[in-house]
Amino acid sequence: MGLFRFKGFPGKGTFPHGIHPPDNKFFSADKAIEVFPTPAKVLLPLLQNIGAPCEPVVKSKQQVAVGELVGKGKAFVSAALHSPVAGKVKKPAMVTLPNGRHMQAIQIAADEDQNPGEVLWEKLSAKDWPTDCISIYDPATISKVIHDAGIVGLGGAAFPTHVKVMPDENKMIDTLMINGCECEPFLTPDYRLMMEAPGAIVTGALLAGRAISAKEIIICVEDNKPLAIERLRRITAQTVIRVAVVQTKYPQGSEKQLVKSVLDLDVPLGGLPSDVGVAMSNVGTIAAIGMAVIKEEPLTHRVISVSGGGIANPKNLFVPIGVSVGELIDYCGGLTKDAARVVSGGPMMGFSFSDMDTPVTKGTSGITVLTHEDVDRENETSCVRCGRCVDACPMNLVPTKLAMASRYKNPALAVKYNINACFECGSCTYVCPANIKLVQLIRTGKQQVAAMNK
Amino acid sequence: MSEKNEISGQGLGSDIAIHVAPSPHLSDQTFTTRRMMTDVLIGLLPLVVMSVYVFRMFAVTQLVICVLACMASEFVFVKMRSKPVTLNDFSAVVTGVILALSLPGTAPWYVGVLASVIAIGIGKVIFGGLGMNIFNPAMVGRAFVMIAFASAMGASAYINADGGVDAMSMATPLTAFKQSGVATSILDLFVGVTNGSLGETSAFACLLGGGYLLYRRTASWEIPAGILSTVIVLSAWADMSGGFGGGFVLHQLFGGALLFGTFFIATDPVSSPVTPKGKWIFGIGAGALIMVIRLFSGYPEGVMFAVLLMNAMTPLINRWTIPKPTGVA
Amino acid sequence: MIGIVTIGIAAGTMLVMAVVMSYILGWANKKFHVEVDPRVEAVTEALPGANCGGCGFIGCSDYAVAIVANNAPVNKCPVGGEGCAAEVATIMGVEVGDSVPSRPVVHCAGHTADKAGKSQYRGEPRCAAAHLVAGIQDCTFGCLGFGDCVVACNYDAIHVNDGLATVDYDKCVGCGACVKACPRMIISMADFNEDKVPAILCSNKDKGKDVTGACTVGCMGCKACTKVSDIITMQGDLAVLDASAYTYEKVEGAEKAIEKCPRNTIAFIGK
Amino acid sequence: MDDTTSEKRERFQNNNLLQAWLVLTLAFIFGISLAGVQAALGPKIEANKIKETMEKVPEVVLGLEAAQKLSESGEALNIQSRIIEVDKKDKKKFYTVYEARFQDNALAGWVAKAGGQGYADKIELLVGIDAQAENITGLFILDQKETPGLGNKISDTAWRNQFVDKPATSPLVVVKDKSQGPSNIDAISGATISSVAVCGIINQTVSDIGPTLTSTKKE
Amino acid sequence: MNYLIDIVLIALSAAVINNFVLYYFVGICPFIGVSKKVDMAFGMGCAVTFVICIAAFLSWSITTMVLIPGAPVSSFFAGFFLPAEAASKIDLTVLSYIVYIFAISSSVQFVEMYVRKFYPSLYNSFGVFLPLITTNCAILFACLTIMANVAGVENPQDAWDLGRSIVLALFGGIGFTIAIVIMSGIREEIELCDIPKPFQGAAITMIIGGILALAFMGFTGVDSGVRKAITPAPAEGTAAVMTLDHDHVHPWDARVIVKEMRLS
Amino acid sequence: MADQPTALERFVQGILPENPVYRQLLGMCPTLAVTNGMKPAMTMACSVAFVLLCANIVTSLIRGLLKPHLRIVVFTLTIATFVTIADRVLAAYLYQMSKTLGPYIPLIIVNCLIICRCEVCASKQNVFTAASDAVGQSIGFGLALASIAMVRELLGTGGLFGIAILPTAWPDWVIMVLPPGAFITLGLLLGCVNWLEMRRS
């Protein structure tokens, strides 16, 4: 890329600290998105988002159509659930998601001979996405459509999007930032989406911008994706949307870090980007908004990448939500001999799991299968307080102290060192020369703090 | 269960054991604790070479005694705690080499042995081993023998005209200066053909090894920067008020254990603060103490005491310099 | 003569000091009196008042406040020793007396072989940490077996036995530390009316089918036990036993329940 | 129990002085007994203090052998103490000086008690000056807290003996290389500061009281 | 000027060089007991410093007014029975210990009650430490040191005045605070260390105390060094050092030697 | 209130099970300060024994008259008196030793050990028990002091009671007779005692 230049934005294009893990995107970056054939059965957990679970509105043995509402989010922070296939509802089952949540899921046995994925992908990747007729949509309508379509953040956190686009008098939003950084190694769904469906992203961005009356819309992409940048630049040339190219660095895709990089604003501790007038959404989410508003399709499918050295044929797939991970892996040629760990999401923040029945949820951005070479490390040694973790922490914390406070059960000390500011990006653990599982300890520490405050 | 096997298909044969672990799943394997210790040893190499060149057999004997004694005591003490012996992390070797280099070549064998036992026993294992030691083990050991065998470690102990080594027929530069007002030539100090503790004589070797550590980022640059700048400022001030005409600063800088201590002892990550700001405070404090002790106290050299004192302050410094997380005004 | 005068003046000095001091202090004691919890006063009175700080608190009165307000242990005073501790304990009424002993029960029966879906776990080997990682074993309720409770126990009374925490009731004193340590909350305190009491050794609230998939000894909610013993009731899909209601007369019902349980989830535990 | 009694009783109980009767009594008794102890032991302690210094005077003035010989022969020096007042710029300084005379009233010499800062703490010493106030006759360290093994070697006889017959008219100089010189004192190796401190105290004392002694001698 | 130097040196010596805890071993009980938390240790240090000053004031006053021979009060009363010269020899120093401990304990108790009544917030932050101080040897030690320098000196003009006494007390207290705060910082840190069981608690505290004492020994002699440096005139108690090590004399050294000679 | 231990129990308890230094951590100041040699350590132990015995006896005699809020004052007064007596006696008959011990003799007043024994035992039990308690505790204190002083003097000067024991080739560990040596020796000995205790139970 040559010397990095970052012009036109207040920020420096980067944030303090952070790490540079090998991005390993070559596994799947050049693989065009394939539509995954409709599976025999889907399993839809009732809670796929941050917030409250939704309540089932279908009964056992009921027939449902593609896109039909099967779960309704009653609480404000919860999202609706739609069937990705046409089929028959079966008895509910319990599933344990990779993040440890144990909950009920709606099971739907799909009818034969259908391929809703093909239709949806065609709509998504079409060239006819409008950029000029956005003003006919009223912001309230857009919000409502987003709510009804059950859209959540597809970057991984799965925060219900309608909450973000809800106008709030106390927090004036003037900037919409669209996060296409995809800083996690291995993952490529956002990249492929930007390559293959930029129209949906641009339209969705304009719609979302209208919904929150944003004065400025910025699409942020890391500089290791030149082709996507090129494509987005071309297509956004006629619109108000600007493309910001930020430095490749982990965790650039974290919202606070991205706001810092692009706008040079500090999101307050414990606050959201909205506290500094910024709304942030993932490119996938934005495309889903476009689909919901323009093509009137609820969120039932998403792009994920199945990648890593442990996968025979890494691929990017357009899959129905609720399909089991085992099927995806089989579709990609199965695991290789040296596969060691299956991770839902990227290798830095994703959750590993062992149950191949686990369904893909709205927040699953990829399945990464790591090899022994990737994950095997020496045994943990003592912390020598070398301070590498301090240099890596994008939140400017002292991870070693937090971890030791957790290990020796001293929640008061952990609070003093601001344990709750940690968003578990894993940078500290990545650099730790002693192989201490800092993030895990910090996570445990947070629980101790919660228990102490109870 | 049968249903499950059907779905997961061919990929999960019995020969592939999928395990689970917390995130993150990647780690930087190029940099490990052992690698850090090896780096320190590489950094110490110029000093070892120089000390062997200047002091001959004295240096060799002292190095062998200290390294062996350190490893033996590490082995014994860790065994006493019935914990796995961790000699392979090289930390005991590093302690041994630093300890040996901080002793005068003429020190009798029991000085090295006792210093090693104290360094590993009281300086390290009693606090829980590597990573837990509040104080720099080598300096605890050295301070102990320094006070215990003052005559074997004191200024005059360095002089041993019978040793047949040129450097050992003169007083150590700082002692000569403090007690008689005699300054050693800067060039001698820089090259290292003066008397003193084994590792401290050659400013050049210290700079070389220290530079390597800084380049490898095994030692953080903030502490040396803090110490050296403070020493320069304070000695310049003393220089001006004493009317020495400038030579004093370089003499203070290159004489004694300043560079050795700055690069290899004060930068010991375990016993220094973790945050950059804390490291600056540590460095400035150590530099100030070094100069106070050198200028005013009964000892010609203050690096060891300064490092120990700042080690003691480190928990407090850490406490005062908890960094503000991003987003806190 | 000078000697006598010295003695006289010395005695006089002492007397004057003593008078002044006792008067001022007595006066101040009333004038500056601050109302405090009478128990604090009583405990302060019982403590030696040497204010040596040996207890780790800031002097005797601070320790007294800590005992009354924060339930600090009563035996910390090195000066007062056991006598003092007993006295303070009487004031605080913390003596156990002859109430029914309360002991922990591990509500899980799954040894390593009983658990399905076990995967190797590479992380901090502690339950609290492992609890946050999915996929170690299928049962999300059962004992993880990393022994946080073992570490928490000061009496060496709980051990992990083939993947399952097991209480040694001979050593257990019922302090409840293990209950607090368990992240999965499968240990609870139960009244031990007899040396041996029956207990339900499962915490899995899932439906029968999910339980059988996860473990060979979990309660699948068949309700067979509730029909033969009146101290067992169903809470959702999990049987629960009211230990406080158990007496020796109910041993028969309990034995029947154990016999009826198809999954061996009920058992007698205790010394 | 009628009202007045209980009221009286209450007042009695509330009276601070009456409450503390035991303290008062004890204070009184203890005051008397301590003063008694002092009366009994005080002279002896005083004697101890004086003896400590006085005992050393002959040795410091005459040297150990001569002193022993003197005591063997059943003679003793007449020792009288006096205070010499020295005017310094901003304050007065007092030296306790012992004047030692033989039985025949011939002046044997003076011993001055002096003190000053050493390496660790104050050093107190006795320095002997001959009758002519020209030479130092001896040195004795009364009290010091120098580093054991190093600085406390100032109490060693061998080191102290260096001072014998050094001139009291010119300042002593501490040397580290055992070089010979009329006023040179060898430093204790590793404890230069203690050595310098002792010499400094002696230089100061001698220069302060020297003139007075010389004038006394002339009288 | 001399007085100022005296004060500076007393302060320096009491606070750092001859630290109460690490050099004289007084105040060990709270040093072990109340050094688990930094805040607690700091409160304790402040309270000690405060009380030690009060105690110094009281003990200095009582010693000079009542106890030493020739003290105004005792000679006044003795004057009723004795001739003036004998009256001025009344020596009550035997009472000093009992009087000091009396004065300390009662003043501490009084201050505690007073603060507790009228400044509850102050009481909560540092007043709670007050009772613990009665049996703190540091206080009595300061009183004894003052007594030694008032009653025990050879020459009356060397006797300390109130200013020196208070400075000793104040900086002794500060030295105590420094030591206990450093110790508490370390002890908070070793909460996160894997100390062998038998050494947990007092034993490791002692060993840390030992290493601290070792480190503080580096300051030995700083007071005389400072005195030498700040005394304008030739300092008392210095003698010249000469050396014949001329082989390594550097051009700018000559002046140094001359300087040194002139100084002494 | 639990039954009070008998005189014999009190005596035995003081020596080891309730050793004032190693078990109760009382009287640390003199323990550290005067143990650089056997002589001062033993003198100190005897002084403490004297004060403790006298204070215990007096306290026990007047135990019926004690008022709760004034009892500490009474103890302090008593102790201070006996300490002064001990101090004067030492100055009169062991002048050099009294100079060596310096302020640590008067500091016995604030030695928690004595006030503790007055409080725990003497103010509650009869004279005989109080006296035997005092003797037991004093022996315990003396033993502790002796153990520390032995280590320090032997390593520090190569002798005991000022008499050389180790061969002259022995390099004296000067540090042992200095403050750091005191702390480290006591720390290590405390650790050893704890370790033995843990092994026993």
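All chains are identified by letter, namely A, B, C, D, E and F, in their written order; residue positions are counted from 1 within each chain.
Heads up, the rule we're going with is that a contact is a pair of C-beta atoms (placed from the backbone, for glycine too) under 8 Å apart; a residue touches a chain by one contact, two chains touch by 3 or more.
Here the structure is a predicted model, which means the values were calculated and not measured.
Here the chain-to-chain distance from subunit A to subunit B, counted in touching steps, is 1. Looking at subunit A and subunit E, the chains that touch each of them are B, C.
Steps from subunit D to subunit E, minimised over paths through touching chains, total 1. Ranked by how close its mean Cα position lies to the mean of all protein Cα atoms, the top chain is B. In this structure, the chain pairs B-E and E-F differ in their number of contacting C-beta pairs, and the larger number is found at B-E. With centres computed as the average of Cα coordinates, no chain lies farther from subunit F than A. Ranked by separation of Cα centres from subunit E, the top chain is A. Rounded to a whole number, the gap between the C-alpha centres of subunit C and subunit E is 46 angstrom. Centre to centre, using the average C-alpha position, subunit D and subunit F are separated by 31 Å. Taking the mean of the C-alpha atoms as each chain's centre, subunit B and subunit F sit 41 Å apart.
In this assembly, the C-alpha centroid of subunit A lies 70 Å from the C-alpha centroid of subunit F. The set of subunit E residues touching two or more other chains comprises 29, 32, 91-92, 94-95, 98, 102, 134-135, 188, 192, 196, 199, 204, 207, 210-212, 214, 217, 220-221, 224, 241-243, 245. Within subunit D, the positions touching two or more other chains are listed as 19-20, 23, 26-27, 30-31, 34-35, 37-38, 42, 119, 147, 149-150, 176, 192-193.
Looking at subunit A, residues 351-355, 375, 407, 437, 440, 443 sit in touch with two or more other chains. Inter-chain contacts occur between A-B, A-C, A-E, B-C, B-D, B-E, B-F, C-D, C-E, C-F, D-E, D-F, E-F. Taken together, the subunit A residues at the contact with subunit E in this complex read 404-405, 407-408, 410, 413. Listing the residues of subunit B that touch subunit C in their complex gives 1, 17-22. Taken together, the subunit B residues at the contact with subunit D in this complex read 150-151, 154-157, 179-180, 298. Against subunit C, in their complex, subunit E makes its touches with residues 29-30, 32-34, 36, 40, 43-44, 66, 74, 77-78, 81-82, 86-87, 89-92, 94-95, 98-99, 102-103, 106, 109-110, 113-114, 116-118, 128-135. The touching residues of subunit C, when paired with subunit A in their complex, are 117, 119, 122-124, 126, 128-129, 131-136, 138, 140, 183, 206-207, 210.
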